[in-house]
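Structures for review follow.
Common to both upcoming complexes is subunit A, partnered first by subunit B, then by subunit C.
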Partner chain A sequence: MSSSAKVIAGLIIFLCLITFPVWYNVVGGKASYTPELKIISEEKSCVESKEFMRIEHMQLLDDWRNSVVRKNNRTYIAHNGKEHNMSLTDTCLKCHSNKTEFCDQCHNYLEVTPTCWNCHIVPEENKL
Partner chain B sequence: MKIDRRDFLKIGGLGVLGFAAKPVIDVVSKGELSEASIEAGPLAGKRLAMVIDMTKCKEGCTDCIDACHSIHNVPDFKNRKDEIKWIWNEPYDKTFPTQEHEFIGTGIKERPFMVLCNHCDNPPCVRVCPTKATFKREDGIVFMDYHRCIGCRFCMAACPYGSRSFNWRNPRGLDSSGNPFIKKNNTNFPTRTTGVVEKCNFCAERLAKGLIPMCAEVCKEKAIVFGDLEETDSELREVLRSHYTIRRKPGLGTRPQIYYIV
Partner chain C sequence: MGLWFSLFSIVILVLLVVGGVEVFSWDSLFGVLIPYAAFVIFLIGIIYRVGKWAKTPVPFRIPTTCGQHKSHPWIKANNLESPYNSLGVIGRMALEVLFFRSLFRNTRVELMDGPRLVYGGTKWLWAAGLAFHWSFLFIVIRHLRFFTEPVPFFVNLLEGMDGLFEISVPTFYLTDIVIISAVTYLFLRRVVIPQLRYISLAADYFPLFLILSIAITGVLMRHFYKVDILSVKELATGLSTLNPVTPEGVGLLFYIHLFLVSILLMYLPFSKLMHMGGVFLSPTRNMANNNRMVRHVNPWNYPVKVHTYEEYEDDFRVKMKNAGLPVEKE
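Right after this comes the complex of A and B.
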């Protein structure tokens, strides 16, 4: 086992290389990055509570879609009794018209690519 | 009582047959078979329909086509093969092939007829759709759920009117000279995406707001009457009462809900 020194050195180099992305982010200060959402709406609250929307917005949008397209029911009654028009572009994007600063923040961070905008048009998309 | 092997097998066999017959009996007793038969009669709810008066429709006018295609973000690929159609023109012999003969009046024979999805009462496209992306709403509209469409094009083969178009190309794309296929986006209505089938939706999004379909609204000649067949005193029923109307390919049993005054 005369080459143990070389093996250990090799292992250390290997570990350094494989953990490089972690080190790089720690040094660059990106490890503690959290997406920052900018809300530009004048409305005080969303259709449901912030906590609910954070976890369940995708399910809510799915339910809205099924309700509008398949059952032709376009009115959503929130838990606080308020009525909303079930529409991605008319309701959601009315407040969150800054898609790149709002939707995309988390979606990019988590690397999810919702297919909504393959068909639904983002209002300011024309300006970009 | 002593049961020998022969009797045991007989009784067991009958028991198994009984279980196998149960689902069949359930279906028959619920009356699901009668629902699937071809001549099922009118729906209990509303039945939306349209009358197109070709005696008023002006030759050369494309107002309804332009308005419909612009609010629904219908792309123009300038190519018959890739063409997307919601409303379009067909000659008489293609519109009413079973009612055509060589001595049809000249004013009819040469003129283009305005055609769109017939929103059939017995829609073959709905029957063949494997994902139920196309379905018939309670108000009679044959509606598409683009989210569910897998682009198999069975509906296009089934539709005898050619009312369905497939998106071979990206409708949001640009042509060779850099112009978008959709000239101006209506941001309140989605576009479609490559690989889905699309067709006229009878302006369901406008009906939800209490507006009549765009084609009927923009027609200056008032050649298009839209209404509910269940409302006996509606303008639609009045027009149908006072005129002789025909439908496209009625012999196929699809019961189209677009009526023509020729």
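Right after this comes the complex of A and C.
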């Protein structure tokens, strides 16, 4: 008899662990939240198309960094022919000057922690 | 045979998703229905298998031991190698589950020139097995970032440890490299060693291929053919809050990944992967070696009719006395 009590206790512990996301979201009650990405730029479009940016922006930034730091090439020609200065602070954050409401919103939601800001400057802080 | 059958099965499964999502746009089938069905089958399957094991009677106390058992107070007993109480059983089980202690003792026999028979330890299986299982656990816990909001603190902690070297953007996780190398080793081992190849069946190759495909599609998604993670999280939190949604344009690779995971969940309770629960229900591991302290009653013993000596004497006392035999009670 005591052994069946142990088996049931084990199964209950297992069920609690495996259904963690379900009851954690019920207790936390914030799972219906989705980040609102505020675009405050006057421009109509990003460096590349929106679909491309959403998925590939980290790749793009990495390419920019390599291009600048290793090849001293600071001009990026987008697919629509527009030229951009390859810079995290001076290009991305000039249009997306609301980093906390845009980049951070999305990154916090998805638990992404870019370390770029350890060295790179966020413009608002300059204005202070 | 089993190898090609397993490989072919995986290819068919992947093609199923490609057809279903690309041609027929059955997003909610592959994104919601199959994952839910898989999870329910997984839970019911586990409960069923564990229940079946728990109901099986254990006629003898049969722990396997390799240490001094408890006897006289002046002989040092080894509670981990030959547990004599629940604490010892729990300690030994924990070491077994967390560090695969018995596999660490794996030995190999070789016939050398001479002829000479040599026994040696082989730690490769243990090392690769341990590396694989721990990476798998880390990856599953890290995946909680898709299913929970706010994301619990330990997920960030693990991400930090796992992406310690910050190689490439986004960071390459160490566990991704470890899991793929370990599973590849576990597969090559079955192919390269002739004796192992001889005893390997489809049931051995299929789980390896399945897990390898899941890991490879995951790495492809993260580094090479990116998917929209924001939509993935919408879908995943939808699943975990029982409020399913299928956002547009998540990406085919994601559906392949998710479908293979669903197959893994459904397959697990009915395959050798059920050793996940089985290890806890192994009588050789979960019993204390205390035969001399606690009587183990065989559960299928029927009550035996006993006629004690006292009763015998009661029956024949007069006759015994007459015959001059000694009796205990006058």
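The rule is short, and it goes like this: the second predicted complex is superposed on the first by the 96 of 128 C-alpha atoms of A that agree within 3 Å, B and C clash if a C-alpha of one lies under 4 Å from a C-alpha of the other, contacts with A are read in each partner's own complex, and residues count from 1 in each chain.
What we mean here is this: contacts are C-beta pairs under 8 Å (C-beta built on N, C-alpha and C of every residue); 3 or more make two chains touch, one makes a residue touch a chain.
Since the model is a prediction, treat every value here as computed from it, not as a measurement.
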Margin query: On the A-aligned overlay, A:Ala78 touches which partner chain: subunit B = first, subunit C = second, or both, or neither?
Written below: neither
Item checked: Partner chain(s) touched by A:Phe20 [first = subunit B, second = subunit C, both, neither] -> second
Next item on the list: Answer with first, second, both or neither: which of subunit B and subunit C does A:Lys30 touch in the superposed model?
Entry: second
Checklist line | subunit B versus subunit C as contact partner of A:Ile121, first or second or both or neither | finding: first
Margin query: With both complexes overlaid on chain A, does A:Cys95 touch subunit B (first), subunit C (second), both or neither?
Written below: neither
Notebook entry, point to check: Which of the two partners, first being subunit B and second being subunit C, lies in contact with A:Val69: first, second, both, or neither?
Noted result: first
Check: First (subunit B), second (subunit C), both or neither: which does A:Met53 touch?
Finding: neither
Margin query: Counting residues of subunit A touched by each partner, does subunit B or subunit C come out ahead?
Written below: C
Note to self: With the touch criterion stated at the top, can you tell me which subunit A residues are shared between the subunit B interface and the subunit C interface?
What the structure shows: none
Next item on the list: Report the residues of subunit A in contact with subunit C in the complex, numbered from low to high.
Entry: 3-4, 7, 10-11, 14-15, 18, 20-22, 24-26, 28, 30-35, 51, 54-56, 58-59, 61-62, 106, 109-113, 115
Next item on the list: Flag every residue of subunit C that touches subunit A in the complex, lowest number first.
Entry: 43, 46-47, 50-51, 54, 144-145, 147-152, 155-156, 159-160, 166, 168-170, 226-230, 233-234, 237, 240-243, 249, 277, 280-281
Check: Tell me, which parts of subunit B touch subunit A in their complex?
Finding: 73, 135, 137-139, 143, 145-147, 185-193, 204, 208
Margin query: Which stretch or stretches of subunit A touch subunit B in the complex?
Written below: 65, 69-70, 72, 74, 89-90, 118-123, 125-126
